[in-house]
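Each of the next two complexes has chain A plus one other chain: chain B in the first, chain C in the second.
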Partner chain A sequence: MMCSINEENLAEETMVATPKLSVTDAICRRCNILKAQVLLRKTDPYCRDCFMKYAVHKFRSTIGKAHALKHNEHVLLAYSGGLSSGSMVKLIKEGLDFSESKKIKMVFKPTLVHIDEGLILNLSKHERKETTDFVLEQAKKNGFDVYICSLEYCLAPDLNDLKLEMNSYQIEPSIYESQLEMLFGSVKSLTAKEDLLIRLKQRLITLLATRLNHAKVFLGPNATRLAGQLLSAIGQGRGAQIAHEIGFTDSRTGTVFLRPMREFVDKEVAYLANFLGVDSVCLPTLSSKLGSTASIGRLTEDFVVTLQTNFPATISTLFRISDKLKSNIADLNPSDCERDSLCLLCLSAIEESSVCSASTARHISQTFSRSGPSGHPSDDLRTHPLQSVGTVRHQDSTSCSSNCNSQGKPCCKTSNDQIKSDWSAVLCYGCRITMEDVKQPELMPINYLEELGLRSRRQVMRQSVEQFLL
Partner chain B sequence: MNSELEITLNFSGGAELLFGKIKLHTVKLPSQETWCMKKLLVWIKENLLKERPELFLQGGTVRPGILVLVNNADWELVGQLDYNLQNKDEIVFISTLHGG
Partner chain C sequence: MVVFCSTGCGSTAVLKRPKTDDALCKNCFFWAFETEVHHTITSTKMFQPGQLVAIGASGGKDSTVLAYVLKHLNEKYNYGLKLVLLSIDEGITGYRDDSLESVKRNQEEYNIPLTVLSYKDLYGWTMDDIVKQVGRKNNCTFCGVFRRQALDRGAVLLKCDIIATGHNADDVAETILMNLLRGDIARLQRCTFHITGSDGSLPRVKPFKYAYEKEIVLYAYFKKLDYFATECVYAPDAYRGHARALVKDLEALRSTSIIDIIHAGEQLAIKDGVKLPKQGLCSSCGYVSSNIICKACVLLEGLNRGRPKLAIGKSNKALAELLAERLQNAASIKTTIQDQF
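Right after this comes the complex of A and B.
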């Protein structure tokens, strides 16, 4: 038998696949002279200099091979203050200063941007000030300009009125503060909260980039983080968006997001930060100090990290898989009509549910189980199970939009249920799950609500016209 | 011979959250006995760790995702838990996990 696998011994055999080498007092495998200080993939010892050369080369080639940057282009660097983005900033700083004759200098003009998330993390004013002061100081040390913006502005329709000061920041009370607190307070699960935070942060960075006239933004997530996100994306029904969420470039929003740290696993980042002298600020997140089952993201991170310690190929395997995945919707410049088929929150294409799709099946079973033990599912569902997914909702909203004035105001505020069903028609599957946990969707940014009303009216119009078309 | 072993402990990348947000600790250990890393971790757990020990130690070693450097070199290169501490050693714990 050619491919017979002895299943009983499978676990044992794979366990010994990573041999325990005696690496104590090893010599660098690259220069063969110096004593190793770094051990990668459990088997490759490097000395400090060789590791740094390897890391710098990897960083530059990640940026270079994508051909994403033009000469002297302005780039925003999203800097959180943590190790990963801190190392990114430092590597760029060194790349710009690079004077070794053989290598070419990196040529682009970076500006830092930091988002102060202290509000939803329940940090005190003092703690927030400490973090932002740290960011300002780091920017000064590296000689970059920095803009700091508070997270609550993600709820603003645009940032034209925002007082954005270069290299200084004051925590100022704004009208969106309580709205943001209430919005996050109304979210039930941590998974949904984390997902909502990602989407809103992405929106804010896009707004900032537009305001500051930058077309490209560097984000700092490393390979370990992305591998965790890859699995949690699948777990949250975002499988179709993996190419965007994990890949080097993400241009869904119109602003291009690049992830130059994506080839570094967390261990390499930690070494880098240590050797480059990157100072980091302790950044609590929503799931800080919580157990591994707090959210899907937390769980998958734990899974990847634990697996990685014994099987150093885990992350690279996940990565090679994700690199082969492509979104089945081409990156077209969406016209007004096509924009209707983009998810409002994450701007990915909404998949058309076909007759036998998993989401249809889920919807049907959800409707049945929600109707309770004695309740009968509505006749409507029994006869047209498919139609009920999309169209029935829009018929509901007909009455609403006829009363609606045409100034583009959100008209669906009348009933909470109404809003919720409308939301689901403009969201992709993953965002729909998230929004189901948001108990007060009316607190979302006003543009979303406007767009929501607009789309549902357009849909109604299309339906009414359809009847006259042959 | 000195009766004390002076060790610098550095926690960063979010690991300091579990140690009262203090990054740098200089500790003195009695040097009559030899101190291996295993013993040091237990000592840290009993004397320095402020909260949630399971987020720092798991199964007698540091939790996956926390990198340990002994005098700027990976602890896997010096024998991990069996490494015997020397006077003036600098040990760095870097949490690479999201949010510490």
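Right after this comes the complex of A and C.
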């Protein structure tokens, strides 16, 4: 084997594990008076008061520096019942109550929103009720209003008919229940399931925000989660969307999603929750009780957590670099960007694939290993040595191999492939991978299917007049 | 149960393609692998007819298969290229000796001329000597920095136009993750380029950029190509090992992950207003460098002065020290000259 050092990338300053600090009787590094109660980044001891000052300042500056909120604006807080979003709610509550004259009070009007995901997690009605009761109780404790909605409504075209009650929730049977179960049941891999859940949940929260007339939503993921999601996004080909998926603001859906907890690592959230007296419920996820290689999301999150314990700069390094990144696709204003060029599922701009790119390489590998040499006569290539082989189109419907030359009958692949290729034309690279694993895409929300049909027809129109377009 | 080749050629499949999970027969796999490399070469316009190409040959699987495939494609599609093998002998007993034997066999079998350049020739030090000086903790820094320049210098000596290396898709994916974890934004962007280093140094290309490591091994296995598989006797970079393990785990979960990571890497761009280190030329040796003096020269100077650890870690400090000394020297020369006149 070749040397494992890649000369192109040699570490100028190789990551070094920080030496352990002896913490017995350490004094707070900030006030230099009190005995430290917490240790951050393995080297910085803080006392309780100084830690809270530091945390509150960080929270407020994360929100403040983005200038994302208007005075007295209504904001939805997505509250799962977990530690991270629980701490977010509590920090906001304290920020609103804050009366020390020197400091500026936080001025916006929060309402909580909770998505009941119990259905796809196979929880019993009783277990679901326990969680939602907890959410209702927490909202009451903090003096905020709360709306709870069940996940299956993500399949509804809109929420106009939904009975949405403030501060109360009943699990009621709905027409979307079995559709959602079947949709998730048809997904081949856990990775795709988790990605689909992210997309559909974002859709549901957007629908809720629209129905409740809120333009902004706070989400609760912390730095550790987001660092894992960053690597997970890279692992699923979502390079162009890093800024949206990890950054403070995500405005792809029209509703603005903000992540005020993004600068706290797991450990800081735990301290915060402890000092603030935050109650939480233990929330199962799709990958609960499964090993660390259950899905890409789970794998990368465990990877980050393990690496962080040995190299405490891991998460902050990932954050620093992701804040410097943007999409390669020209920054288009969503309003003047043609809807056709946005991904149906995640509403990101669809990447253009050049002849020499990974997405083309992926596509031709699949075409080549299904069509073989006879499908692509090599003479074609020989005529232009060292010249481009020609644009490879993604919409190419791969013709079926000689395996199914049954005359008269429709080819075995075409009907199914037709749906597949229609989807692939309206999705970004990342969502395309996810949808490849969804075996019954016809169960997706009806608006998606309508838009899909519309775009396919437009595509046909465009092709027929292509030669006249300048 | 007999599985037929998924291309429908009628032959029995002998392998499952790591990249797409399709079952293929030997010939269809060869064809697919070669045609994909051909596509990478032609679509990126990697080579121009008449060029002299130096193939960085380590004796390992990647460079052995690269030499074989490049020769084959060059003949099949009339690229009009002249190929030479270029090996760097780092001077590591028990590692390089054996793999150099394998490169020499490649030379005979493929009939491609071979040149071996050693660190000893280029820098006056073998890796074994360097390890004696610096110990086994930071030696990889020396080896990596020196190797990058050594290939370049060797290719210039041989009057080559371009260098082709055997870096495969796994390497590229690993490098993307590595640069993310290390926060190295400039390299994160550069590492997905098709052609690198064309400014000041020779251009470098990776024809296997989209080829999976496992497919390279399968190709070598079925073509019965001989290569030398061994780990370097000196410990490899532990941190890179994490990125490598992650790539392998991701690939196990979803076979297209490697190419998906590269796609993600290709889609990344740097926000406006983010400062990047400027690339210039080393004032000492003329090689591309982001500092006034390149890393190799600083490392070498440290070695020659008996202070090998000078440039490990904070290179700016070492650089400042070197520059101060040079200024002093220049000043003293100036006074001597003034004295004389």
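Here, the second predicted complex is superposed on the first by the 393 of 470 C-alpha atoms of A that agree within 3 Å, B and C clash if a C-alpha of one lies under 4 Å from a C-alpha of the other, contacts with A are read in each partner's own complex, and residues count from 1 in each chain.
Heads up, the rule we're going with is that a residue touches a chain if its C-beta (ideal position, glycine included) is under 8 Å from a C-beta of that chain, and two chains touch if they have at least 3 such contacts.
A quick note: this is a predicted structure, and the numbers were derived from the prediction, not measured.
Undergrad: Identify the partner contact of A:289: answer first if only chain B is touched, second if only chain C is, both if each is, neither if none is.
TA: In the superposed model, A:289 contacts chain B only, not chain C.
Undergrad: Mind working out whether A:359 is in touch with chain B, chain C, both or neither, as first, second, both or neither?
TA: second
Undergrad: Comparing chain B against chain C, which has contacts with more of the residues in chain A?
TA: Of chain B and chain C, more residues of chain A lie in contact with C.
Undergrad: Just to be sure I read the superposition right, which of the two partners does A:273 touch: chain B = first, chain C = second, or both, or neither?
TA: A:273 sits against chain B, while chain C stays out of touch.
Undergrad: Look at A:321 in the shared chain and tell me whether it touches chain B only, chain C only, both, or neither; answer first, second, both or neither.
TA: second
Undergrad: By the touch definition at the top of the document, which applies to A:351: first (chain B), second (chain C), both, or neither?
TA: Second partner only.
Undergrad: Answer with first, second, both or neither: which of chain B and chain C does A:38 touch in the superposed model?
TA: The answer is first: A:38 touches chain B but not chain C.
Undergrad: Would you check which partner chain A:240 touches, where first means chain B only, second means chain C only, and both and neither mean what they say?
TA: The second partner, chain C, only.
Undergrad: By the touch definition at the top of the document, which applies to A:88: first (chain B), second (chain C), both, or neither?
TA: neither
Undergrad: Looking at chain A, which of its residues have contacts with both chain B and chain C?
TA: none
Undergrad: Once bound in the complex, which stretches of chain B touch chain A?
TA: Touching chain A: residues 12-14, 16-18, 21, 51-52, 54-55, 64-65, 67, 69, 72-74, 76-79, 92, 94, 96-100 of chain B.
Undergrad: Using the touch definition from the top, list the residues of chain C that touch chain A in their complex.
TA: 4-10, 17, 19-20, 22, 24, 27-29, 31-32, 35-36, 38-45, 47-49, 58, 60-63, 76-80, 140-141, 143-145, 147-148, 151, 166-167, 171, 174-185, 187-188, 190-191, 194, 196, 210, 229-232, 236-237, 239-242, 244, 246, 249-250, 252-254, 256-257, 259-272, 274, 295, 313-315
Undergrad: Which positions of chain A touch chain C when the two form their complex?
TA: 1-15, 189, 191, 230-231, 233-240, 242, 293, 295-296, 299-300, 303, 307, 311, 314, 317-318, 320-321, 323-329, 351, 355-362, 364-366, 368-376, 378, 381-382, 384-389, 401-403, 429, 433
Undergrad: Can you list the residues on chain A that touch chain B in the complex?
TA: Its residues touching chain B are 23-26, 35-39, 42, 45, 48, 82-83, 224-225, 228, 266-267, 269-271, 273-274, 280, 282-289, 291, 297, 301, 305-306, 308-309.
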